[in-house]
Structure formats: structure tokens, C-alpha cells
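The block underneath contains the structure these notes are about, expressed in C-alpha cells.
Each chain carries a letter (A, B, C, D and E) given by its place in the written order, and its residues are counted from 1.
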Amino acid sequence: MSAVLFFIASIGALAGAIGVVMVRNPFYSVLSLVGHLICLAALFLLLRAEFAAAAQVVVYAGAVMVLYVFVVAYIGGQDEPLSQVGGALKVVGPLFALALAVELCIALLGTGLKGISGKGAPYVLGFGTPKEIGRLFLTSYLFPFEVASLLLLVAAIGAVVLARRRRGLPEDEEDEPQAPIIRPQYTGTMAEAAGVRPGFGTDPAASEPQRAATPATTSEGGW
Amino acid sequence: MPIGWYLVVSALIFCIGAAGVLTRPNPLVILLCLELMLNAANLALVAFSRMWGNQAGQIFALVVMVVAACEVTVGLGLIVAIYRRHLAINVDELNELRG
Amino acid sequence: MTPLLAAVGHIKAPHIDWASFSPLLALSVGALVVLMVGLLRPAVIRAAVVPALSVVTLGTSLGLQIWRFSHPASIISGALRIDGLALTLDMIFTVAALASVVISLRDAAPESAGHGEYHSLLLFSVLGMAVLVSAQDLITLFLGFELLSIPLYVMCASEWRREGSLESGLKYLVIGSVGSATLVYGLALVYGATGSTGFAGITHALSTGKIAGGLIGDPMMLTGLALVLVGFAFKASVAPFHQWTPDVYEGAPTPVTAFMATATKAAAFGILLRFFDVAVFDLRDTWAPALATVAAITIVVGNVGALGQSSLKRLLGYSSVAQAGYMLSGVVVATRLGVNATVLYLGVYLFMNVAAFAVIAGAQRERADGDDLAGLAGLGGRRPWLAWPMTIAMLALTGIPGTVGFIGKFQLIHALVDGNYTWLGIVLVIGSMISLGYYLRVIAAMWMSPESAASIPGRGRLAPIAGGSPEADATGVSEPPAAAAASPDATRSGPGIEITLVAVVFGAASVFFGIFPSPLFNLAAHAGRALGLH
Amino acid sequence: MSTTTFGWLILLFPLLGCVVVALGFRVERGISAGVIGSAAIALSFAASVGALISILGRADSSRELTSSLWNYASTVGVDAKLSILVDPLSIFMALIVSGVSTLIHIYSIAYMKSDRGYVRFFSYLNFFVFSMLLLVMAGNFLLLIVGWAFVGAASYLLISFWYRRTTATRAGLKAFVINVVGDVGLVLGTFFIFRHTGTLDFLKTFHAVPHVFGHNATDLVAGCLLLLVGAAAKSAQVPLHTWLPDAMEGPTPVSALIHAATMVTAGVYLIARMHPLFEVATTAADVGAIMGCATLLIAATIAIVQTDLKRVIAYSTMSQIGYMVMGVSVGAYSAGLFHLMTHAFFKALLFMAAGSLISAMGGEQSLDRMRGFRRAMPFTFICFVVGGLALSGLPPFSGWLSKDDIIAYLDHRGGGFEILGILGYVGALMTGIYTFRMIFRAFFGEPCEEARDLAQGHLYHPESGFNPGTGELEDADVGFPGPEHHIAERDLAMKVPMAVLGVLAVVGGVLQIPGVDAGINRFLEPSFAGSRLAQLDPSTSSAWIGLIIGGLIGLAGIGIAYRIWIVAPGTSARLQTRFGALQTFFYNKWYFDELIDFAVVRPSQWLGGFTESVLERGVIAGGVTGGTLGVVRAFSATVRRLQTGFLRYYAAAMLIGVFGMALYFLISA
Amino acid sequence: MSLSVLIWLPLVIALIGAVLPPRIGPRAVFVGSLITLGVAISFVARFTSGQAGLQFVTDKVWISALGIHYKLGLDGLNVALVLLTTVIFSAALLWASLREWDRSRNFFFQFGLAQSAVLGAFCSQDLALFVAFFDLMLIPFYFLSGMWGTGPDRVRATTKLVVYTLIGSFLMLVAAIATGALASSEHHTPITFVISSLRGLPLSHTSQDWIFLCFAAAFVVKMPLVPFHGWLPDGYKAMPIPAVAVFSAILSKVAAYGFLRIVLPVFPYASAHFQTLMLVIALLSVLWATLVAMTTPDARLVVAYSSVAQLGFITLGIFSLQPQGAQGALLQMLNHALVTAPLFFIVAALARRSGGSEKLIDMGGVAFRAPVLASLFLIVTLATLAIPGSANFAGEFLILLGLFKAKLAMAVIASVGVVGAAVYALRLFIGALHNRVGPGVRTADDISLRDTVVLVPVLLVILVLAFYPQFGLSRSEKSVQSAIAPARAQQTQPATATAQVAATP
């Protein structure tokens, strides 16, 4: 029974993972990940990690993925264009991943640990239950628990700093004047040296009006 | 099922995630792939936890979930900021810094 | 309600040694206070009180670190070990953060990110570093690792008006997350192989061997080690995991780069020392050659990469890669001397790099191309108080006697020779030879070339732009931006007294400790003793 | 005053003279510099005489005196003190050097009067005399080498005295470099000897040599041969002689000083001084004798065909030095030194006369242009003839007694040395020919234009100065004897020294006449006391037989010259067409210059160019420096190209790193 | 008075000079250098000859963790060199203080730093301290050359110079640390870098070999010897005259001194082992540099390459491993310094007359109008070509004698260099002063007073030394013998070993 469940769940998890990678539309990628996470939760359950499984479904597949969906919706979940660079990576990347997988499997299965071929340690009552986990979090792992809370706070601050709405801006026409690094010509920026993408102000004539225009725009914007 | 099988699955998920990071130019999807890699680690942790009969692995897995959430939050915040700056949501076009 | 209380009742909370914990506590409390104060409305509070509070926090923490210096302790269920190594490195983080706070006093980054947020992130990052280097447990380690990284991702991108800043933030985030994922997978394997998340447990498992034949040659353990190594190496900018470094250093706001370059590196090496030289010391015969090879590659790659750069921050990014290679060699030998040398070099590195980055920040205030070599032309004549610290910093990074850099290299090579890694010592000096090619260019630009004609007014203190910072939003119509742009000291301000001060202090320290290095040696020796190596 | 004090004084005066003249260059007007310089040398001569008297008052056995002032470079087993050796040999040399030099100085007072480098000239001249005296007074090898090299330096300065002439500077450089070769030979020779004796001091060395060296010991022979290199370079012996003819670029008094009294005799002195060594290293001595013989013949053949008046005399000097070297090499020390003395007299005389003649010609030195000066310059003519007769070895002139003394000794010594003696006679014949070729061509026959002018009381003035060597316009700025001529007929300061020398050339031989007296021999005896060869004196009768043969041969030489250039004036042209190849060969000085040029100068120039352009620029700057730089740069470019700025590449690099790292750990597992 | 006073005085004076107004600062620095000179003289006067040990020792622990001492001392090896350093620096500073310099306070500060570093290198008796001073002394020259140098390419050239020489120095750093570390581990003693202690702790042969090569790399690059002289032509061309004079005169000597002070006593086995290698390199330098000096069209480079040749001779003397050779080398260090510095000043004076050009082809013919200059130049030229009678010859004589005793054939080949020296020295003299007036010559006035006051004192020293070279020898005799004794013992050991074998049956 558990074997069947294992196979179903793991095939689901792998399929979800592949879906995340292969699907062109980010929206479907997110949905695919949700599927993957739920299958993973099933695997957790098989491994007697009840609390982890629950957290996985509730917090992860639930809350975090919703955030994803919102962002995808915000920036538009269009299909990504065919990339002009990194063509080689499209082929080589998966091959590498495959090689790495083989390597990891050799490492995991080649170990001398006997437990690897067993079904795990004898089941102890309460293993993986919220109560046990909670107790650990308040005793042995009190410090990580507290730090994790700080970490979440940091992430929240970070999100605020990065994505906070700037007041008075029309939503779609936000065009912040950036403070450009106007470099005189031939100062040897790498972009210039590479000749691929001339940076700002490589042409002084072109950059001059832009500079002059910058304060004017800001004052007229009436922010 | 022997623990080894779980570990193999986790290794495969890890590598699928890695392949995704390498092949997808959309930062959103890259973040998703990173989630995959972290989840692979979670699976391994939970499996080991079961193997040793030791709940530290589960604690670790929960911590990793927290971390994953934090990374996602910040990552999405960055993507939004980039979007607001009207820059392409494409890591292949963010290469002013190089050399 | 009652069952819950009952449940809580029979959980015995671990004993907390508040005294030993106080340096960390000060940081976290300070960070929260700074965050809260940053929400207050008056602009002066944000621009002046917040940095002041940050300084107070850091100063308090520093004082507490010094207080606890000779009282090593394991606290909170053995999650942390506050010992000589941790405290020495904590001092480095704190000093780096102090310098960064001072440099960013009038910088664009805190204004666009919001002072409270910016400074609390900085403090949280310091806290993360402190947690990381004190960690005695894989979980704490990972959390510390993330607590130091995530604020930095945000801070890199905090100057969100600049494309480069955002780009660097995203790059750092993605590559950093790949590194984290690798690390955590590696930690999982280590946990799987040893069945323990505590360092003591790992060491015990390695030495006793819970399975037949021991874990010394176990593929799972070793692969886990490899992945962990990659995670740390990424953070320490070790080649081939260094590629984010130049890009992020260049793109990030200069005060953040200064902090990142010095403190992050110290944190990464702190945990490298703890993990490799203590937890998995028994596998030394396996990892040492790998680490040595990686160190050699890093030294060469970092130094040759820096050669043709024109952006100073990028140049210093590559240079930091090279320096990481130097320091890694101290880890390789896995002797007390090696630990001493690495810690010493971390301290030394702090002085040299903060001086250099402070000068860059100053130059950027003055000219928009202050980060560029061409922008430094004629600095010697124009701003000797910036040019001299930069010169000293460059000479020190090269390893010229009379500066701390010489002392640092001396001790590293000593450790290498002593640990039978003389060849790595030779690679180290070959790297130093190559490094002359770019450090001297910086000096030459300052002293030996005339000021370039096209001088561009610097960013100076940016006029508040709506949406750019909370106070602009709050006051609605504050001062007209045009007027701010017109006032001369706003557009073409000097480098600022505080930046000059930082540059001069750290430059002078680079010389002073180069001539009287004994305090540094004592600190490093303290750190070395903490690990109990031979 | 003690003898050694005189010895130091001999050295002090010229040095003082040199310094005083040089330092006072701004205040010395007129001939004051010349007077000071001459007085210094005269004082030195007086000191020499004082030393002579003082040493004659001592017993024979105590006539070798050393005196040292301070440690010069004494360290770790090297005993180099600032010490002089005063013995009959050094006093003899000092007398000749200071005496003849005094006369030359006096001559120069007038001769150089119109030269704008007057002060410099006397300073150099004094320095030269100081150097030469240092050379002969030196009491150890190191000081000998010092004197040796100073002489070379002084000769360089004097040869390129008119330094705006490229020919002069080139000749000076050549002289100096060849002299340095000699110095090096001397140094290395010293090393060979020092290695075994462990001392640089002469007397100690001489005492040690018979004990530490076996007969013809390899190191000693090598050392002596290297000393011979030094001697050859200084005394213009084949093959290191090529500088001497070129040295005629210097003012005529310089030629007189270098080629008569001082510099070139240094080699002879050296061999005589080192006789205890050479007598043990007989092979080296034989080489010296053969070298001398070869030089005397080669130089004589060249002298016969040269047309430059001073060069003829120069080659004759070489030839005569050849006699001396031959003499002192085989053991005829007193004879060789005797010839050295008489040669100093008559050769100085000849040069002075030639200088006078050249002045009259307005700087022209070619014999082809001179003719018939007999009536216009009677005093010069007489001096020239006296010198010529002495040189040719005609009885009863001094040269006759001295030169044939050497040959007589050769014949007497036997053992194959007779061959050298016979060759010496061949040389004597040629000496007669070339000497009187010169006299007959310059003084006899129809007077040339300049001679006619002079006879009428005018002086010929050349239109503008051209360098006779290159034909380029002279740079008149620095001055030459210039349009104002100084000829013996008009300047008492020139006439007096010439007269004195003329007398000495005639009567100088009385010091040593076989069977009558042996003044030189007896005086020098203490210096050669330990010598086996010095005791080997030819009997009076055999000496006289040799003298008579020599006199006859000299006469024959003069006769031949008379036949060719007076009786049948076209003969020389006929001979030239008949022996054209030989004449060209001789005229081109046996192609020694070309040989050296080909074998030494060109290769080193080529090598220099090669080193500079190929090795220096190509290998060092291009290869080593540039190559290293190139590798580093290429590496740098690679690293920076890999830094594409694309996030996904970075991630890929990282995963490759993960893969590699894991692979390594797996393999080591 | 301790040696620290001597070492740090120049730096202190330079710092004082840097705060004085630009008009009097330079002069103050020059006067200060005279004070330093006086201090040096007082040390030389109080120095007791005839003993090998150190005198005026200052010994303090500098870095206790590493066993590094701040140990200074004078013995026969360095006493004369210290005096020499102060003399040459005074001359260079006098030369410099009589001219106008842009940013002059910085200029003189760099000079003071350089002097302190050089004196420190000469006096230090601790390996690590020596290495520190050795590297440090280069840095002021980077600034001097880059900021006040000549030619458009000066920054590149001076970078090349610094990189080249620091490459050697860094290798030496490794070697020095290895010396201390290995000596302590091989003999189980606490780590020390004090040279006298290290002499008592000989390293294993393999360690000595590679350490020797690293030290040698540092020293031969600094001197420089062929083929490690790639920085020389450009570097010398780029430096301002007082800097190049000091660099060529003094800094190259520190390297040669390093052989005597450190390499021979501390690594005797390797010194004997690599004797032939070092001699071949030195010989190659002599011949190569001589050939280039004979051909190069640039007056300054003639002097530069002549230095290379001279340092080749010095190295020959040192690695003859004979007391005479080493003594000669030490004497020659003094002589060469005293000769080469005035030569650079003279080249500058000549270049001023030929419109700034330092090409020989532009010079010539000024001797007549400039008799004093010509006379001074003549004396220097003759000393340069080591005419017997000059102290240079005494040095060369001893060097060749030592070499002759060690390797006869090499002495013979080396003597070719003596002849070559005559050629290039006279070529320079003739080309600059004689022959026709050069096409570039603008003025032919005689030497100016400000050149005279620099040249004449130095020339007087040359002349005095010519009469009394013993000055440079008597103090050093014992120290030199003690310095080379270990290496000599290594050399003779095989011989005695075989002798013992022969004697036992």
C-alpha cells in the first residue's frame, strides 16, 4: 500500500517539478508547483512527518503560492520570448543536471549506511506530530525558532523596501528618473569595451540634453 | 519503501530545479525552480529524519520552508521593483554589470 | 486555553546565559528599535537619529563583545558558542557595520530605501553573521546564513532608482539562493550521514563511526561535504563560485559593498573555520587538497580578473575574490596557526577594504564617475586626504611592509609553510605579483595622471524625490527639487567630512597595525585557541 | 734624506705639478703653466739624481730598498701596500724618464705656445710623467699595475688631445683599449704568481719564486706569458702594436714623450724587473725574445715604405723596442736597458726635429711633400742627422754601442739565439735604410715651396686646416699649433733641449764601452744580482767584433739609402713597380689593423648590436617580459570574457563547480 | 645613541619638511640629511675594527607571536654601506633641493621614506625585518618615478619596475618565512627570524636549495642581473635624476649585501651548491651588459648597463666564496655607488646642454667650453672603467683574485668585461664631450654652481678612496670571513671527506 502511494506521490512530485521547468507560461508553472508541493506533502506523510506535511500544504502550497499568483497576475503572465542568449544552456543545462543527478544518486545509494535500505527507524509514538515538533521548537531548537521569526520580519521589511508603492504615481506610468551614471566617452567601462551595449552617455551629445531635461521633468511632475 | 527511494526522488527534484535555473530566463520561474531545489532538500531531510528516527530533520525542513518563503518574498519584491522600473522581466537582459 | 498553558507548563525552557547572549541580543533589540524609530515622521529623526541609534546599537554590541571576550560559553541548548573566534569575528562585523553606517550617512541608498528599514536590515545582517559564526548546529548555521544574506539582497537593490542596483540585487538573490539550496542539500546529506545536526554530534559520528568502516570514506558524507563547501565558498567568493562578486560589488550602493566585502567575507570564513577545521576535521585528508586547489584557482582567477577593470568597485570585487583565495589557504592547513592567520587576515582585510571603499564613496559624492579609474585621476592633488588612505589601502592589499597587508600575508605564508603547503604559499605570492598590476594602476591614476577634463558633478546628496523616500512622501511638497539641484553644495559637494574621517581612520589603522601588529596577533591567537587545534 | 725619501719625492713633484697646473687653469697666463710643469719634472729629475747619489753611497748588497706609506688594499691575505722599491734599476729608469721628460717639457713650452689647450697639455704631461715614474718606482704588483694603467690613461688623454678630431679620439680610444688589454694581462699574470707565492711584494715574490716554482712550471709560464701580453701592449710589440702609429695623432711632444722616453719602454722595464721569474720560466722568456725579434723586423719593413714622417719614426721606435725586448728576454739586461737609454735620447731628438719640420710644413706630415729643408733649417737638419746616425748604429754614436751590445750578447749566449742575432743585423740594415730614406727625402734635393719660403725668412701658412687623416675641416675652436709655427730655429726653448739631446745621442754611449768601462752594467748589478744570465757577459773581443759588424751593416744601410734616393732618384719607383705586392703589403702595415678589425672589433660590434637589438629588445623585452605579460593578459581576458553578466551562466558555472567538487569527493571516497 | 635614531631620522626630517612651507622644506630636508650623515659618521667613528661581531645592537621583540625581533646592528658588512647611503642620499637631496619640483613636499617626503627604508634594510639583523625594509624601500621610488619621472611612458615603465622587483621580493618573503618556520620545525626550537640565531640552525639541503633560489631571485632582480633586468632600461629612463642616482647607487647594493648578510651564512650548502649557477649568471651579466653599454645610443642607459656589469662583478666576487672576492665585492659596492650617482648627475647636466636629449648622438664637443665639467667627468669615467689606482680597481682586483682562485676560466672570461668597461666608459666620455659639437647642443657653458656643489664632494670622496681603499676593507675583514666561512666549509667538506677516507686505511 505504502509502495503504491509512494509511487503515485513521487511520480506526481516529479511530474510537477518537470512541469514547473517545462511549461512556458509562468502561471501554469506556479500551478504545477502547487501540484508538486501537494505530492511532496503526501511523501512527507508517508515518512511520518505529519506536521511538516501540514505546513507544506497550508503555508507553502497555500499562502506562498497565492503570493506568486498575485505577482504573476500583476506583471502579466505572458509567455516568455525565445531568449536570444544562452541557447547552448538550453541543451547543456539539462545534461548537466542529469549528470549531477547521477552523481547524487551514486553518492546517496553508495553509502555504507544500513538505514538507507531500511524503512527507517522504529516508529515512536508521537514522532512528527505537532506536539513533538512544538516541544522541540521551544526547547532544543528555541534559538532557531526565534531566529526564523526574525528572518520572516527581515523578509517583510525587504518586501516593503523593494515593492512599496510610491505615492502619487500613476500605476502604469511610473517612470522614475534614474540617476544615470553618465560616463564620459572612453572611460573604459566594460560595457564600452565589450562594444555590445554602449552604456549611458557614451555619446556626450546625446547625454547632454538628457541631463538638462532631468530636473525639468522632475519639477513638472508635481510629485 | 526503503529510504533510498525517497532520496533518489529528492535528488531528481533537486536536479530538475537546477536545470530549470539554467534554462529559464524568467526570474519568476527561476524562483520557482529554486523552490524546487529547496523542496528537494526538505524531502531528503524528512527522509533522513525518518531513517534515524530523529526529529531534527523535520525541524530543519520546517526552517527551510521558512527560508524558502523569505527568499520568495524578497525575490518577488525585487521582480516587482524591476517591473516598476519598466525593465524587462528577463534575466538575460539584465547584464549591464559584467566583465 | 488551559490545555495550552498546561502544555507550556511541562515544557522546560532551556537555560539562557543572558550575559553571553547579550551582544546578539543588543543587536536584535537595536535593529527592532531602529526599525520602529524609522517610522516616525520628522525627517531629522530618520536622517540623524536612526543612524545615531544604529551606531549606539553597534557600539553597545561591540562593548558587550569586549566584555564577554574572555568568557567563552555555549548557550541556548548548545545552539551557539560564544567564544574567542566568534567574538573576534563579531568585532569585525560590528566595526564594518559602523563604518558602513558612517559612510551611508548622506548616501542615496538609505534615503531611497528608508532610513529605518535600511539600518535595521544592516543590523539584522550583522546579527545573522554573529549567529552564523557562533553556530554549533546545522540548523542555526543555515538560519544564520540566511539571516545574513536576505538583508543583503535587499540592501544591494536598495538604491532602486539605479538599474545596476536592482540588477545586482537580483543576481545576488538568485545565485545566492542557488548557493543556499546547494548548502542546505549538502547539510541534509551531512545530517543523513551522521544522524545529527549538532557539530559535536557530527564530530562524534565521524570519530566513532556509527557504521562499519566509519564515515571517513563514505560517499554520502563526502558529497554532502562537497555541497556544503560550495555553499560556503559561494559566500566567501571563492572561484568558481565567485562570479556574482564583481557584478554585485559594482552594482550595489557603495556603503553596502563596503560592508559586504568585509563582513560577509569574515562571516563566511568564520563558518568555514568552524565547520571544516572543527566539525569535519577528521575528513581533513579529503577536503584539504580540494580546498587547496580551489584556493589556488581563486587566487589566480581573482587576480587576473581584476587586471583590466576600470570600475574600482568591480576591481575590488575581483580583488576580494583573490583575497578569499589567500584566506582559504589558512583554512586548508587546519592548524591553529592557520586559524590565526585567517582571522588575522580577516581583520587586516577589514582595515584595508573599508578605507578603499570609503574613498570610493567619497569620490562618488564628488563625481559621478568616482567609481571609475578615470574619475580618480588627479585625486592626489585634489583631495590628498582621500588619496592617501586609498594609496595605503592599495599598498596594504598588495602586501607592502609597513602596512597590515604585509603582516597578514606574512602570517598566512607562515601558516602554509608550517602546514606543509608551501606550494600554496608560492601561488599566493604569485597572485600578489599579478595583483600589483591593478593596485598600482589605482595609485597611478590618483597621483600620476592629470585630472580628466570632463568632470561631471557627482550625485552628491540627492534631492528628495517623491516616492524615493518616506519623508518626501510624507511632507508632500517638501523643498522644491529644482532648488536642491541648483544649490552648489548639493550637486557638487565634497566627499563629506564623515567619509574622509572613515577613510583616514582606517587608512591610519592600516599603517599603525602594520607597524605595531601585536594587538591583532593577540586577537587572532585568541580566536585560534578557541578552536582547540594544534 | 734617505734614499726612499728621494724615491717618494720623485713621485710627488710631477703629481703636484699636475694638480697645481690643473687647478690654476683660470689664473695661469702665458707660459706659466709650462714653466710650472717643467719645473716640477726638473725637480723630479733632481730628486732622481739625489736618489742616485744616495744609493751610490750604500753598499752593493743594501741597494734594494722598499718603503711603504700605508696599507693600500691589504686584506685577507693580500698584502697590497702603497710601497715603492728603490733600487738601481728603478733609479736608472727614473733618471731617464724624468731627465728626458724635463727636456720634452721645456721643448713643449715653446712648441705648444699657441695652443688653446696649453694648461691642459701640461697638466696631462705631468700626469703622464707621474704615472711613468710610479710604474718604475712601484714596489709591488698592484702599484705597478696602477702606474701601468695611469700611463695608458695619460697616453689616451694626450693622443686625443685635439679631441675635436675624430681621428684623434679614435686613436686615443684604440690606444687605451689595447693598453687595457695589457693591464688585464698583467693582472691575470699577477694572479698566477700570487696564487703560489701569496704575496704581491716584488722582493718577497722574487725570493719566493725559485722555491715555489719548478723550472718552467705551468702556472709560472702562464703568468709570465700574461705579463708579456702586458709588456707587448705597452711597448707596442706584435700583435698589440697597432695603436702606436695611430698615436701620432697627438701633438709632437707627446710622440716624443710616449715613444721615446717613457711609455713604450715600460714593457722592457717590466721584463727586466721580472727577470727572476722569466729566468725560471724560460719558455716565456723565449717567447718574449721571439716576439721582440718579430716586431723589430716587421716594424722595420713597414717603416721603409711609410710616407708619413712621424709614422716612420714611430715604426722605427717599435723596431728598436723589439731589440730591447729581445735583449732583456734573453738575459742581456744591462744591454737592453742601455739601449733603452740611448734610444730615449736619440728618439726624443728625432721627434723634436720632426716636430720642428712639421711645423715648418704647416702641419703637413707627408714625406712626399717635403724636400730640401737642409738649408732652410740647418739646426733641425743637424739634429735629425745626429739622431739618425745614432739610430742607424753608426760608430761612434750611442746607438751603435747599445744596440750591438744586445746582438753581441745574443751571439754569445748561443743555443739557437744566434739566429735572433742574425735577424737583429738584418733589422739593423733596414734601420739604416729607412732612417736615411727619411733624411734624404726631407732634407736633400730641390727645396719644396715651404722650404724655399722658410729660407727666405717667411713662414708657410696653410689656407685652412684640414685633418690630414680624414680631410674634414678642422675645428679651429680648440686650437692647434695653428698658423703660428714653432720651429727649433726660432725658439730657444726648443733649441736647447734638442741640443742637449743631440749631445747625449752622440756621447751617451760612453757609459758602457766594451773593455773600457761598463758603467751601466756595474750600476745595475745589484738589481740583477741573483741572475744567472746576467753573469753571462760576452768577452771584450767578441763584443768588439759584434760592434764592428754592426757598424758596417749600419753603414751599408745608409749606403743603400744613399744609392736609392740620392744617386739614382728613380730607383724607389722602380723597386715599387717590381715588388708591388710586397710594397703594398708593407705599406698596409702587414694588414694587422684589418686583421684585428676583422677578428676582434667587428665581431664585438656585431655582438653588441645583436645583444642590444635581438637579445635585449627581442628576448628580454619581447620574450620574457612581454611573454609573461601576454600570458597574464590572455588569462585575464578569458576570465573577463567568462564574466558575461548573464545570470544563468553564473548559475551554470556554479553548478559545474558543484558537479566537479562532488565528483572529486566521490572519487576520493 | 641607538641605531634607531639613524634609521628613522630621515623619515622624521622628511615629515617635518612636509609640514614646512614649500620654499624652505626642501632645504630643511637636505640639511636634515646632513645631520643623518653626521650621525652615520659618528657610528663609523665609534666602530671598532677587527672583530666580526655586531656592534651598537638594538634588540627588541617586534612580533612575539612570530619570533620577529626589531634587531639592528652594525658590523663590518654594513658599516661602510650605511655611511655610503647617507652620503649618496645627501648628494641626491642636495641636487634635488637646488631645483624646483612640482608638489615638492611630497617629493622630499618620499626621499626621506626611501632613506629610512634603505638604512633599515642595511641595519636590520632580523630576516623578517630585512624583508620588510627591502620591500618597503621600493615604494617611494614608485612615486618618485611615476610622479616626477621623465618621458610619456613613465607610469608604465615604473609599474614594470615595481612589479618586476616585487616579484622577486615576494618570493623572498616566502623563502624568509620558510627559513624561520623550517628552522624551528627541523630543530624543534621556537620560531625565530634573527639572522644570527638562524645561522646556528642550518636547514636541510633540499630546503636550502629552494629557499636559496627564492632569495636569489629577489636579489638578482633588484640588482639586476641578466636575464632578470627587463625593467631596467625603461625604469631607469623613467626616473628623475636624483631618484635614479640613488636607485642605481644604493638599492642595487642592498641586494648584493643581502647575499653576504643572509644567503651565504644562512644557506651555506645551497650557496656552494649553486655557486656555478650564480657565477654563470653574473658572468653573463658582465658580458651582456658590457656589450649593450657599448652599443646603446642613450647616455643614461650606458650608465645603467654599466651598473649591471658592475653588479655582475660584485656577484662574481661574492660567489667566488673566497674572502678576497667577497672583500672586493664589498669594496666595489662602495665604489660603484660613488661613481654611478655622479654619472647620472653628469648625464643630466649634459642633457641640459643638448636640449634635454640624452642621446649620445645629440651630444658632443662641449669639453672645450666646459673644462671643469669635462675634468670632473673624466675622473668619474676613469673610476667607472676601474682604472688601476682607483678604488674601483682595488675592488675589481680583489674580486678577480677571488674568482681566479675559485674558477680560473671564469676569471679570464670576466676580464673581458674589464676591457669592455674601458670601451663603453670612454665611448660615453668621448661621445658626450669630445668630437665635433653635437647637433643637439644648445649651450656649452661650463658646469653650473649647483652641479658643482653636488659633484665635487662626491668626487673628493672618490679620490680619497682611491688613495686609501683600505678604508673600505679593514673594518669588514673579519665580518666577511665569518660570512663566507660556512659556505666555504661546505665547499671544502667533500675534499676533506675524501681526504679522511684516504687517511683511514
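Criterion: a contact is a pair of C-beta atoms (placed from the backbone, for glycine too) under 8 Å apart; a residue touches a chain by one contact, two chains touch by 3 or more.
The structure displayed is predicted, hence computed values, not measured ones.
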Which of the two pairs, A-C or A-D, is linked by more C-beta contacts? A-C
From the Cα centroids, identify the chain that ends up most central relative to all protein Cα atoms. E
On a CA-centroid basis, which chain has its centre farthest from chain C's? D
Can you work out the whole-Å distance between the CA centroids of chain C and chain D? 79
Separation of chain B from chain D, taking each centre as the mean of its C-alpha atoms, in whole Å: 95
Let me have the rounded angstrom distance from the C-alpha centre of chain B over to the C-alpha centre of chain E, please. 63
Just curious, how far off is chain E from chain C if you go by their C-alpha centres, in Å? 44
Residue list for chain E, restricted to those that touch at least two other chains: none
Multi-chain contacts only, two chains or more: what residues does chain D have there? 640, 643, 645-649, 651-652, 655-656, 658, 662, 666, 669
I need the residues of chain A touching at least two other chains; which ones are they? 85-86, 89, 92-93, 96-97, 100, 103-104, 106-108, 110, 113, 116, 140-141, 144, 148, 151, 154-155, 158, 160-162, 174, 176, 178, 190, 193
Inter-chain touches occur between A-B, A-C, A-D, B-C, B-D, C-D, C-E, D-E
Quick check on the complex: what are the chain D residues that touch chain A? 640, 646, 648-649, 652, 655-656, 658-659, 662-663, 666, 669
Inside the complex, what are the residues of chain A that reach chain B? 2-3, 6, 10, 13-14, 17-18, 20-21, 26, 29-30, 33, 36-37, 40, 43-44, 46-49, 51-52, 55-56, 59-60, 63-64, 67-68, 71-72, 74-75, 80-81, 83-86, 89-90, 92-94, 96-98, 100-101, 104-105, 108-109, 113, 115-124, 127-128, 132-133, 136-137, 140-141, 144, 148, 151-152, 154-156, 158-163, 174-176, 178, 190-191, 193-194, 197, 199
In the complex, the residues of chain C that touch chain D are 170-171, 174-175, 178-179, 182, 217-219, 222-223, 225-227, 229-230, 233-234, 240-241, 243-244, 246-247, 286-287, 290, 294, 300-301, 304-305, 307-308, 434, 437
Of all residues in chain A, those that touch chain D in their complex: 85-86, 89, 92-93, 96-97, 99-100, 103-104, 106-107, 110, 190
Mind pulling up the chain D residues that touch chain E in the complex? 22, 25, 70-78, 80, 82, 116, 120, 142, 145-150, 153, 156-157, 160, 163-164, 166, 169, 172-173, 176-177, 180-181, 183-184, 187-188, 191, 194-195, 475, 477-478, 604-605, 607-612, 615-616, 619-621, 624-625
